[in-house]
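Dropping a structure here in structure tokens format, bear with me for questions.
Per-chain residue numbering starts at 1, and chain names A, B and C are given in the order in which the chains are listed.
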Amino acid sequence: MSLVSVTDLGVRMGGRAVFSDVSFEIGAGEVVGLIGPNGAGKTTLMRALLGLLPFEGQSTLAALPAAERARLAAWMPQSREIAWPVSVETVVMLGRVPHLGTLQRPGEEDRARVAAALERMELAEMRDRPATQLSGGEQARVLIARALAQDTPLLIADEPIAGLDPAHQISTMQSFAALADVGKSVLVSMHDLGLAVRHCTRLVLLGEGRMIADGPPGEVLTPERLARVFGISAWYKVTEEGPVYQPLEVLR
Amino acid sequence: MRIALPLLAVVAALFMVSLLTGPADIGIGESLAALLSGGDGPLALVMREIRLPRALLAVMIGASLGLSGAAMQGYLRNPLAEPGLIGVSGSAALGAVLAIQTGLAASFALGLPLAALAGALGGVLLVMALAGPRGTSLTLILGGIAVSSLAGALTALVLNLSPNPFAASEIVFWMMGSLADRSMTHVWLALPFMVLGLALLAGLGRGLDALTLGEDAAQAMGIDMVRLRLMLVIGTACVVGAGTAVAGAIGFVGLVVPHMLRPLVGAHPGRLLWASALGGAAMVLLADIAVRVVLPERDLKLGVLTALVGAPLFLHLILRLRRERI
Amino acid sequence: MAAAEQIALPPPPDAAPARVVSMNLCTDLLAMLLAGEGQLWSVSRIALDPMVSPLADEARDHVINHSRAEEIYLMRPDLVLASTLSPRSTVLMLERLGIEVAQFAPASTLEDVRDRVIDMGRVLGREAAARAVLARFDARLAALGTDQGPRPRAVIYHANGYVSGRGSLSGDILERAGFANAAHAAGYGSGQVMPLEVLALSDPDIVVTARTYPGGSRSEEVLSHPVVRAFRAGRESAVISDQSWVCGTPFVLDAVEQLAEARRRIMAGAGE
């Protein structure tokens, strides 16, 4: 079953095409890494498929009414904005907004989901601290927990692990994998190709104004593509410890 | 909602004090008896036609200003947003003055509040267009200065061109606000618009909560931003327009009250809405009691007192924002 | 007040001035009443406004000035008539330019009104005309017969809640019309605001208000407040146009007569 399917998706900004003719779908139990150099349009693609900006082509998510879409897909934007000094728990509870009626107050299930998300992101101890007083990496974890609490079949996260320490980068990717284990899916944009290769079931490579490749990590990251799209060389091997991928040098 | 009851109690107590404050020396029992039982005597007239409308308007206008301040701050995610400071009240005053001077207010009862509402609507749209969606402090305040000085200048112009010799000196009333000599007529004039506006603004809670994480995140959580913006603009125009039409522009209430109550509601933008409505009512009641106690023989303007409290706080907020954002 | 007048008024001219310009409503009115044919060249713009000027029609026969030094100087007057409240800068400027300025203090009693008529007659060289005006003034005042009988309690309520106390022209008008000043009795003097609720509790027999100006104002709204309306509805009321009492001229008798008439109605009502 496909959670989202985009067909011939294209976005123009200021008269210039950011990308065009992007088609893919995400089924259940996948962790899809969205990779590509700066300016390839990763953020734009994610926002377009959510219907947050005007686009050409089709996206099954964007076609849904806002409330229904919010129960199908959670979105964690790249800008880590927390405008008011609300508590960590309050921020995470915002993830329950799509599940509450107009005047309905959070119930037992909502609290349980929030507690689980806090636990998952190792935030349980700082649940009462003002979120604005946390470090950047901690805030990122709070916002990931918020998206997890939304408890949707699909989670779309824009560079969620940028700025996290190595341990939290890995544990965050493991959380995504755990979601996939229970049949949910994640679309995550990232720059760390090593982590992408290790934790994603599939990669979508964006560049040159189009979708260059879509498939298992080993197939997508060929040396030719790396040289052409990123301008780097890399060492890649499936070891006993799993796939290891190490970028080596800049080619141009 | 731990603070709802204490706030309600404060508002109720100040309402009683307001009813019992006035230049005419009347005993507590006597005044309440006259208020409740009515009759034709001058005492009933004083209680029912002078003090009651005054206290009611203080509650209505205070709640309006507090709530609209909290709502605008939540929407723009900026603690400096306030209908008075950013020129919405000033634009409403311009609308009201135009209605009075063109005779619209005299020929059609709802002409006055409707014109003020239209003025407030223009002001709110202009400031929001100037400030942009995220409303950074700089653009917000620059936009607000532009709108409020333009509205103030046009109000002064209209009043100066008036054939009425008294009108020219009334810029102070329109810029500073006063509840002196208001009557039940004014209460009935403002009430329907305020009820509509308060209902619209009170419905914003969840959307404003979600906006804590930015417009993108809120939208992805199913918040209809177009609808939210519309409710905010119309709601603010309704309450500020109606309030300004009957009492002039009273500044700083929407700034001071949400700022003071924010820590008490855990900075929760949604919970801050109702708390600020109650807090605003308390602040305007208190200011209106103070103007009658401090300088009983002069019509001291309410805005003078609210500015004395609000302006230093405003400076403090600017300094704090400067430290945080640069 | 008397000392100020002596300083303000120049000695009587040897020859009557032939080209007089008045720059203040109150001197406009006195001058129009007393000046000889062709003697008064110009009056101020406000004299055209029927809301405040009882001689608005006659003012049209004169050149209109806007009370500014430059235009008045260019009219080449022998004498300029001004109020002691006229802008000092304007008066000083005219004097520096060598123009004689006669300043008249505002009247605050009917006695002052008589003095102003005499003074105006003197500076215009029209003493005989002034005596004739005064004779009619005294006769009308005597005919009122308001010295005897009860004195109903009245409040003169102006825009913004100001009252007329003792020692003001309208306060004197009220007393000459046979009323007791209830604002004064409640401790409020001229230039003071009597709060609406004090007005309500002082329960006067009549509330006298000024006619409102066109265009509307927040200041005048208090005159249509339900409390004031309630007094108007239940009992005698009077609305006096500002033209009858804004200046200390013989026209104040219109206000006195109007109020005396209201008093007669109150007394008739009480006698029934």
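Some points to look at:
Just so we're on the same page, a contact is a pair of C-beta atoms (placed from the backbone, for glycine too) under 8 Å apart; a residue touches a chain by one contact, two chains touch by 3 or more.
Everything numeric in this text was worked out from a predicted model, so none of it was measured.
When every chain is reduced to the mean of its CA atoms, the largest separation from chain A belongs to C. Measuring from the average of all protein CA coordinates, the nearest chain centre is that of B. Spacing of chain B relative to chain C, judged by their CA centroids, is 42 angstrom.
Centre to centre, using the average C-alpha position, chain A and chain C are separated by 83 Å. Inter-chain centre distance (chain A to chain B, centres taken as mean C-alpha positions): 43 Å. Residues of chain C touching chain B in their complex: 159-161, 192-193, 195-198, 200-201, 203, 213-222, 225-227, 230. Chain contact summary for the complex, chain A toward chain B: residues 47, 50, 52, 66-71, 73-77, 79, 81-87, 90-91, 94-95, 97-98, 100, 102, 130, 143, 146, 150.
Residues 77, 203, 206, 209-214, 216-217, 219-224, 262, 266-269 of chain B touch chain A in their complex. Here chain B touches chain C in the complex through residues 22-24, 26, 42-43, 45-46, 49-51, 100-101, 103, 105-106, 162-167, 169-170, 173-174, 181, 183-185, 248, 296-299, going by the rule given at the top.
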